[in-house]
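One chain, chain A, appears in both complexes that follow, with chain B as partner in the first and chain C in the second.
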Partner chain A sequence: MSSTSTLSLQGLRKTYHVEGQALPVLDDINLDIAPGEFVSIVGSSGCGKSTLLRLLIGLESSFDGRILLDGQPVAGTGLERGIVFQDHRLFPWLSVEQNIGLALENSPHSPREKAAAIAEHIALVGLEGFETAYPHQLSGGMSQRVAIARGLVNRPRILLLDEPFGALDALTRANLQQELQRIWQQEKITMVIVTHDVDEAVLLGDRVVVMEPRPGRIKRIVPVAVPHPRSRSDARLARIRDDILRDFAQAEVPRLAEHPVEPRFEDYAFAW
Partner chain B sequence: MSHDTSSRFDPRGLALPGLVLALWWGATASGFADTRIVAPPAEVLATALREISSGELFEGLLASLGRDLAGFALGSTAGLLLGALLAVSGLADRLVSPSLHALKQVALFAWIPLISVWLGQDEAARVLFIGLAAFYPVLFNSHEGIRSVTRELAEVTRVFRFNTRQRITRLILPAAAPQIFAGLHLALIYSWLATIGAEYFFKATPGVSTPLLDGRADFDMAKVLYGMVVVGLVGAALNAIASRLEQRSLKWRRSR
Partner chain C sequence: MTTSFSLALPGGQTLGHIGRRLGGLGLALLLPAAMLYLWQLAATHEWVTPLLLPAPAMVLQALVDLHDSGELWEHLGISLGRVGWGYLAGVVLGLVLGAAMGLSKTVEAYLMPSFKAVSLVPVLGWLPLFIMLIGIEEGLKVLIIAKAVIVPVTINTVKGIRNIAPGHFEVARIYRFSPLQTLTRLIVPSALPSLATGLRLGLANAWMALVAVELLAASEGVGFLMVHSRQLFQLDMVMASMVVIGVTGWVLDRILQSIEQRLLAWRVTAY
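On to the complex of A and B.
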């Protein structure tokens, strides 16, 4: 599997500065991800798991520590890393195939190869027949399928998923989890999913990274030694899930909500 | 689902104009109305046929539409460029926008004395006046439209490593298109109004308002009514063309 890669996080720290005060969001994250591995990152809100993913994709800069992809430090965004956001983020004025094609805008392939890649990935996510549909004509689940196809069409070495099914209803979510499992097996790609759904984390992940908040740290890493494809009714998964859920039961200490981290003004301005 | 019901023809809309036409005809034919003040429909029609056959209608239309489009192009280009600048540069926005909002309050027609002193009474002054009418709606709408590009979609373009040109053509322009089109649409209507105003308030010149001016001077009400019909029809046609273009280029939007 030479097309996949190892992601290595070493002593990763991220601090926001809010009104002159340092607010640590990630503290000393160390994690190695093997080629072709499926890693789930689970934690309650505020544990910095989404920030971690934004660091990996390159949308957040200024951090301490190292993020290495195949031994090379990650700088900014790159086509070798794909992402699926919680909100599908499709461009409403583009059709399904045009939205997927957006990812290929800067790929070196010929138009013919691009068209083939788009068609192949529409088939991969099961959306044949919807090539020319616009986002407003799609359900939430279908939109997220398009987003997955868009994330994969560049054949990235790693696909990052930021609570990709968090906004979907339970049935659609269950369906897409199975689909994602199938796609992962078919594409043999490294995937990192961030979620607050322990069931989802255990169903999909080869390992589940449990995070704890304030500041975001890795509490422990739970291996899920159950072969894929997995069934959600598997008793082994249920045992692991219950074990992880106990972590969160202890962690529940009542406290007032903290001041939300406001994005800085520069984040809104155009980066060019 | 995405059919626009307003564009479908409904004959019930003809009832009121038909009634007005009938009353108009009845009032003038029966002698109830003074035909010197209310010209009969037949006379208006005769005037129209005369103007068409003499070529004066087309000459006037050509002159007016020419200056209308010149002013529209000038004003909307300036509005689009400045609107884009204000949307992407926070500094420019803070420096210029308050003044522009204040300047907007100066009624369009209050510019006429100043423009005529600076540029005289001729075509340059008329085109500038029309351009001013087109400028503001395009400026404010393109400013708003470009600013409404969400951070979420901008991040997607960063993930796919778009360069500046790709960001503008693939994200910013399409995202701002609905508002830019709305601004251009308004500008097209305003600049037509301003075209009539420019022909009225600057030195007389051939155009669609010639029958209005001549008709008033000669107390020829048929000519005045004919002139009003022409101005109205051109305005309606411009509006219809703009709506059509707008709908075609924004077909991705969900039904309104």
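On to the complex of A and C.
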């Protein structure tokens, strides 16, 4: 099975230790993602979906179970995996093309090939004419387009998207969802998007992985058998969305927030 | 740009009107011009004896004399040389110390408390001890200036590095930056605005420390020129020295400011 899938998660577990207490965040995640597939992961906050993505990109290293990319276990970060965060994380002192070029710092290509790849990906996300603009001159949607171009410019085997449109206004979000669909079809690249927006998950995903919290587990996997490109007004999508929304219908048990496990500076001071 | 306040002047004008007509520079020169006028008035009417308060023209003449005799440039050259060496030493040490403490919590834990204690004793507080230890030769001036420079440079370097977004370090990891790449592509450019602040504060401190140390322990330099003139009761020379010190400090700051603007062009355009 794993030989035919791009990404394979087998018995994946992740536990944080907060003040001496074990806090399980992910429990027994099993998932196989086919080449070129678009998988949405949806869940309420605290279900560990962002942690899952951090494990896949390699920013978190301690876990149990196996993460296989093309049959090879992943170790640390790698240029064969790209990511787009909710906050675009562009470097404010670099122009659009320089920011995209960051991803190519350690790629083996010649400067000419790199320049060509950068120009090609600026065109892919529709930002021709903004090559030399700085991030502070861009809108949130444009910044996220740059971040997508940066994530794709290495031609990774898989692109991970961590709530990429969560901070955008509704119109821009809808627009970028269509754009992402087009880019995915054009590039034929495997994508995994994490979101808490069920509409978004259903619109984009070939399959929607529904997660439940504490600890984060896969509740069920819903196939979305509607051909791309999809329209958000498609009645079939609406039915699937309503079905998934029923999973989240039970009132949440009130409880205090857990310690946010955010990376601190110290985690990086010696990391390199 | 200017808020008009209704202080009526002869002719029905307000100060705000005048300010708008003269523009920003005119507004800035208003107070000095008034002071100069008052000074001239005090001198002509001899409110204060001319021995203590020479007329503006006398001070200007003293400046011209200093320039003609070459004394001015001799003393200024010596002073700038001291600032140059002290500043260089202070900047290098401050950057190294700041980078070490900024990048490593362990180094910070070892050094920061001592550094703070040392920095809390003002520059002049170190002077008696340093004079005892190394005398009053050039080494003393350079050491005092370096001490004055290290503090702001170190603190702003630490601050600049600490304020780098953790998310940007993750980007560096994702694209597999080497330590050198992380330093040159992320840490230095990201900390640069704060570094620039430290460098400018350091230069201002250096100039002030220089004047102080030259007033107390020197036989040449603009600070010495001032204290020496006071001992000879040449108040015109004292005030001419003040002008030289003020203008030189301002020019030094302008030079650094223009370098900063060039380096941080991406940031300047943001405002």
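Assume the second predicted complex is superposed on the first by the 257 of 272 C-alpha atoms of A that agree within 3 Å, B and C clash if a C-alpha of one lies under 4 Å from a C-alpha of the other, contacts with A are read in each partner's own complex, and residues count from 1 in each chain.
One rule holds in what follows: contacts are C-beta pairs under 8 Å (C-beta built on N, C-alpha and C of every residue); 3 or more make two chains touch, one makes a residue touch a chain.
A quick note: this is a predicted structure, and the numbers were derived from the prediction, not measured.
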**Prompt:** Of the two partner chains, chain B (first) and chain C (second), which one does A:Asp87 touch, if any: first, second, both, or neither?
**Reply:** both
**Message:** Just to be sure I read the superposition right, which of the two partners does A:Arg112 touch: chain B = first, chain C = second, or both, or neither?
**Reply:** neither
**Message:** Contacts for A:Leu79 in the overlay, against chain B (first) and chain C (second): which applies, first, second, both or neither?
**Reply:** both
**Asked** Can A:Leu59 be said to touch chain B (first), chain C (second), both, or neither?
**Response** both
**Complete:** Both partners, chain B and chain C, contact chain A at residues 57-59, 77-79, 83, 85, 87, 89, 91-94, 102-103, 105-106, 134, 136, 263, 267-272
**Prompt:** Considering the complex alone, what residue numbers of chain C touch chain A?
**Reply:** 103-105, 162, 164-179, 181-182, 185-186, 189-190, 192, 266-267, 269-270
**Request:** Write out the stretch or stretches of chain A touching chain B in their complex.
**Result:** 57-59, 77-79, 82-83, 85, 87, 89, 91-95, 102-103, 105-106, 134, 136, 263, 267-272
**Asked** What part of chain B is in contact with chain A in the complex they form?
**Response** 88, 90, 151-156, 158-164, 166-167, 170-171, 174-175, 177, 250, 252-254
**Item:** Of chain A, residues touching chain C in the complex
**Value:** 57-59, 77-79, 83, 85, 87, 89, 91-94, 102-103, 105-106, 134, 136, 262-272
